[in-house]
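Next up: some structures, all given as structure tokens.
What follows is a pair of complexes built around chain A, which joins chain B in one and chain C in the other.
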Partner chain A sequence: MARDTAVREPAVRASRAVRHRGALAVFLVPFGALFVLFYLVPILYAIYQSLLTVEREGTFGPAVQVFGGLTQYISVFQNEPFWASIGRVLLFGVVQVPIMLGVALVLALLLDSPLVRGSKFFRLAFFAPYAVPSVIAAIMWGFLYSPNLSPFTAVTGAVDFLSAETVLWSIANVVTWVYVGYNMLIIYSALLSIPQEIYEAARLDGANQFRIALSIKIPLVVPALVLTGIFSIIGTLQLLAEPQVFQSFSNAVTSTFTPNLTIYSTASVPNISLAAAMSVVLALATFVLSFTVLKLTQRRTAQ
Partner chain B sequence: MAISLVARAGAIAAISALALTACSTGGTDAPGASGDCAPSDGPVTLTFTSWLPGVEEAVEIWNEENPDIQVEVQTGPNGNGGTYQNFFNQLAAGNAPDLGQIEFDAMPNFRVQDGLENIAACEGILEAEDQFVPWTWSQVTFGEEDAVYAIPQDTGPMAMFYRADLFEAAGIPVPTTWEEYEAAAVQIRAQGGYINNFSQSDINAFAGLVWQAGGEWFSNDADGWTVDLTGAETTQVAEYWQGLIDNDLVAVYPPWTDEWNAAYNSSELWTWVSAVWGANTIASGAPDTAGNWAVAPMPQWEAGASAAGNWGGSTTAVLKGSDHPYEAAQFALWLNTDADALTAMNRTANIYPATIAGAELPVFGEGVEFYGGQKIYEVFAEAGNNVDPNFTWGPTMTQVYNDVADGFSGAVSGSGTLLDALTAGQDATIAALKAASIPVKE
Partner chain C sequence: MTVSTDTRALRTQGVKKRPARDGGIRESAVSRTVAMAVMIVATLYFLTPLWWLLVASTKTRGDFTTTNPLWFADFALFDNIAALVTYRDGVFLQWLGNSALYAGVGALLATLIAAMAGYAIAKYTFRGRETLFNVILGGVLVPATALALPLFLLFSQAGATNTIWAVLLPSLVSPFGVYLSRIYAAASVPDEIIEAARIDGAGEVRTFFTVATRLMAPALVTIFLFQFVAIWNNFFLPLIMLRDENLFPVTLGLYVWNTQVSQIPDIRALVVIGSLLSIIPLIVTFLALQRFWQSGLANGGLK
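What follows is the complex of A and B.
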């Protein structure tokens, strides 16, 4: 009997695999089809678009799209507002991402600390802003900042939150408000997965809560911080909704305030090929930046 | 480890690709001169996108009279506020509405993008020319024979809306020249108000001021386009408003916002130099000030002159790819010539028609309650007569407005001047024309 099974097992496995091929297809095809249709095809199409230029005779002659090689990419690299907008969001990211993740980490540690009561309530309360769509959040904050319509006119009358110097940071505050709870939740779930035995050992060694947080919890949630950090960098480079909404509150938000806004206004000229080329460049920049961060943090973890 | 790194990198690549947008190109078939325009068989439903307040009421009249040609209205933000972008995208995707509202200044832009059906061959269209104010008709034909790319809807002659009550109470004479306007601004500022708000994003309104001063931004001949955003008249207008901004004599609220409405509603702002349809904007944005407004001609650069500018004015265009150009053209013609339709649109949106007969309709001789019973359309009719009809719009106005508005944003928040913005806009416009392979002279 035992021998029998041993002999037959590979055959069973093989036939199982064959039998499961149908099931595999059922699970994979819907994803695959949607992925190809709404992901790969648009990306490839954007790349294709970015290689075209327009030719026409006279002003109102029929426009013909011809292969233009890297013409659009040369225009992208010569486009000052585009690079200024990338610089602006990088500055935004350098300041906002560490603050947001720092706050998220502190909140997660507080929730995880045995000293805090009502952690379920606070967990929900901190997370709630993430349930507000970013457009709504931006409109709400826009009114809060507004010098005459804000319920806090005593503050907004004294400080102009919507001026050219401050509006970037006012937007950073909105983004932080929306996403801090989301990032906190990711870090918090990483904290929950730390085995209790480690804490026990630490306590036996005489470590207090602060020491445990510093020497055990934070090092163990570094992968979660890296993940949220990369998501935040990507989100920063792709800022669109908040600045676009803020255009109706502040006259300092230009049509080229962030890279995505620049792409949006370029597409509305309409110069779709240039907008496509900008999109490709932005995607590559995002990829390179995220990959670099990943590489750097991994090297540090390995050490 | 290496594998997981690659996998993660792949995931990042996939996520970053979210930045990519899907776009598509429009058809490149040659615009047919005047081809066929035959009626469709059976009942048809047309889609019509417009941002005119209450346009549904006029359309309702048509729908009742024409059970076989039903028109569905889709509303959206004003043209430069997003509707044009939607049109360009829809045209590229081949699913544009049958009819769309397009302002005169955007007509060349749509023509260049091959977004307009030539409806000259449709019944009654060419014959309708005589009904329209001549300059509006030349804006929709581009001066070509056998070509009609839209039906003019309304014009936007400019005048000065002002708070008659405040001026009277303060004993400030209503300004008739720009010099007096500045003097009044100083007095009003001393009382805590502002004479006006300088809109950093309504570049078409600024163009209206330049238009009044006799400037022109674009001209077009056989050798291509001439762009002149920094001519003498433009410079004069830019420096005048820069002075008001520098001396804190005008407010700089972002226009078309609640903050802006609130400033009018709370009597902080005393005047608005705007187009006839602005009558509706004030009435809906500043309801608490009803009855206190009046309309006077635009302040002049030379005492005793009567020049006026124009801001806006729309057409109803049959967009490229419509399956029912005949019916769409009939509706567009009806909407903009029928007495009931024009009256309905005036009542809901205060627009001033582009037809000669339309201006004679009783509604345009009536006093308007919000303006203290003043017969405001008489002022605008007079202004309309004083608008130089030969103002040419460039073929990339969306871009011009964006680029200049970006510069104006800087100017009102303290970096650079209006003239710097126009200088940068000049270069950006020439670059945009080149990018679109449109011949341009430097």
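What follows is the complex of A and C.
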């Protein structure tokens, strides 16, 4: 919208900008300075740190940081636990993200349909878990999963939610529980912006709610699904709080369970340069993956 | 575009085929039941853990494992709260206060700083405006957890880890806030009003504070709320930055207690009641401000 006005009256706007240079500085400098200090500089510093390596003279000589080129990156690529953790969160994402977004979509469609009464209550009930911090959600579900504490002893007696095979999916359930409502709300907001008359016309024609949802609503909320999908992928690769908490409940959650846990434990060794290189690789992987999803879905919607 | 032509086609057919509506109604009695059943199952899934937490918080230590987990036994909520706030000289209250400080002050300043930047980008033309906006937009895709380690490296260079500033300063940056402010300012602050204020002799900065902020209020509340939740829920940054227990936010404090449950079993009851108390402020805030954030999400979240 701002772009449109700018195109219409470029002369006026350009002169105004020069005239109000002081005001612009007041508006932009605080954010700009903080953004540079706490976004750009840390990223650059992490890259710089990842290019260093520690050298010692003899076994007991003092450690000296020297420029090591891509030494740390070679170590990252040879670091099996790191890649195993990337593989684990990718598997997690392939299963959990579609389930979470599928449930969010179905609930949003139901809330938006005339089939459901009391949609305001349901909307808030589904959204409530979003107000629970990941750490607290993980602690709570950890109690619910524990055989000796759970209110559902019949279930926890039959299935061990905290074993090496199942704990990844138990964590997936915690993440799903927290974020379904948030994603549902974003999809629901997109549904609300569809003009009502489209439905009336379809209903007059005898189309049932299922048909309306399938052929009118879902195609129109694809952009919202892409947006929520990308944020979910980012969140999955960055998984940290839930597995960190689950270490107290299950021995199966190792210190290299997710990439961020690997980075954290590497940094606490302390092997800062290797951890920095891992952070850079993880950030690049996150960026490439979310960018790919964006491009792929854009191409599909365009066709 | 295709949708609107379909609509017209549907509408003309709809007039001819009136009887089809009866079929629609008969079917919807079944659909309605199925839809409500899905909603109720979903409500149980989302609210049962919270209900369990509430019930568990009211129980005595003995009743915790021996009575029905989903219903009340002897009501000991106030005893539990008293035990929590007096444990180790009230360190829990300190944590709650720290969270309120980090999230309250952080979100307030972050909203103001982001609003000024978004407003300037929307309402003034200057060289590099689009580049600046795109860089900030890229910042939206950088997750907080990815920045935690780089920030730690930077703060340790400055010798500022384990201080309030290490947690507070990085949370003042909200790229999403700038994005939302820009969209909202472009749509809701007319150029004519700014021009009129200018003719009245009001300075640019004053116009922003007296006129623009009022028009941007729904967006500002949304930014504040989501930044508040993001800071309140933040875990990795405090985990990596803070050593001094007295600086912990409540999420980190409860995490640490939860890791000690196996050594100090009595602490479990405190973790449960502490979890409940730590989410109540968020749920109350969300409920109180729902009108704002729901419209804020609808207007800005998806453009």
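Convention: the second predicted complex is superposed on the first by the 275 of 303 C-alpha atoms of A that agree within 3 Å, B and C clash if a C-alpha of one lies under 4 Å from a C-alpha of the other, contacts with A are read in each partner's own complex, and residues count from 1 in each chain.
FYI, a residue touches a chain if its C-beta (ideal position, glycine included) is under 8 Å from a C-beta of that chain, and two chains touch if they have at least 3 such contacts.
Small disclaimer: the values here were computed from a predicted structure and weren't measured.
Once chain A of one complex is fitted onto chain A of the other, the partner contacts of A:106 are limited to chain C, with no touch recorded for chain B.
The wider contact with chain A, measured as residues touched, comes from C rather than the other of chain B and chain C. Judged by the touch definition given at the top, the superposed model places A:269 against chain B, while chain C stays out of reach.
Of the two partner chains placed by the overlay, chain B and chain C both lie in contact with A:43. Of the two partner chains, chain C is the only one touched by A:116; chain B is not.
Within the superposed three-chain model, A:75 lies in touch with chain B and out of touch with chain C [touch as defined at top]. Comparing the two interfaces of chain A, the one with chain B and the one with chain C have residues 39, 41-43, 45-46, 49, 143, 148-149, 230, 234, 238, 247-248, 260, 263, 267, 272, 275-276, 279, 282-283, 286-287, 290 in common. Residue ranges of chain A in contact with chain B, taken from their complex: 39, 41-43, 45-46, 49, 52-56, 58-60, 62-65, 75, 81, 143, 146-149, 163-164, 230-231, 234, 237-238, 247-256, 259-260, 263, 265, 267-272, 274-276, 279-280, 282-284, 286-287, 290-291, 294, 298.
Across the complex, chain C is touched by residues 1-2, 5-6, 10, 13-14, 16-17, 20, 22-24, 26-28, 30-32, 34-35, 37-39, 41-43, 45-46, 49, 103, 106-107, 110, 113-117, 122, 124-137, 139-144, 148-151, 177, 180-181, 185-186, 189-190, 192-193, 197-198, 201-210, 216, 219-220, 223-224, 227, 230, 234-235, 238, 240-241, 244-245, 247-248, 260, 263-264, 267, 272, 275-276, 279, 282-283, 286-287, 290 of chain A.
Across the complex, chain A is touched by residues 3-4, 7-8, 10-11, 13-15, 17, 20-21, 23-24, 27-28, 31-32, 35-36, 38-39, 42-43, 45-47, 49-50, 52-53, 56, 65, 68-70, 113-114, 116-117, 119-126, 132, 136, 139, 141-143, 145-147, 149-154, 157, 169-170, 172-173, 175, 178, 182-183, 185-187, 191, 203-205, 208, 229, 232-233, 235-236, 239-240, 251-252, 254-255, 258-259, 261-262, 271-272, 275, 278-279, 282-283, 285-287, 290, 294, 297-298, 301-302 of chain C. Residue ranges on chain B touching chain A, taken from their complex, read 5, 8-9, 12-26, 28-31, 84-85, 88-89, 92, 108, 111-114, 142, 200-201, 220, 224-225, 252-254, 256-259, 262-263, 266, 395-396, 398-399, 402-403, 405-406, 409-410, 412-415, 432, 435-439.
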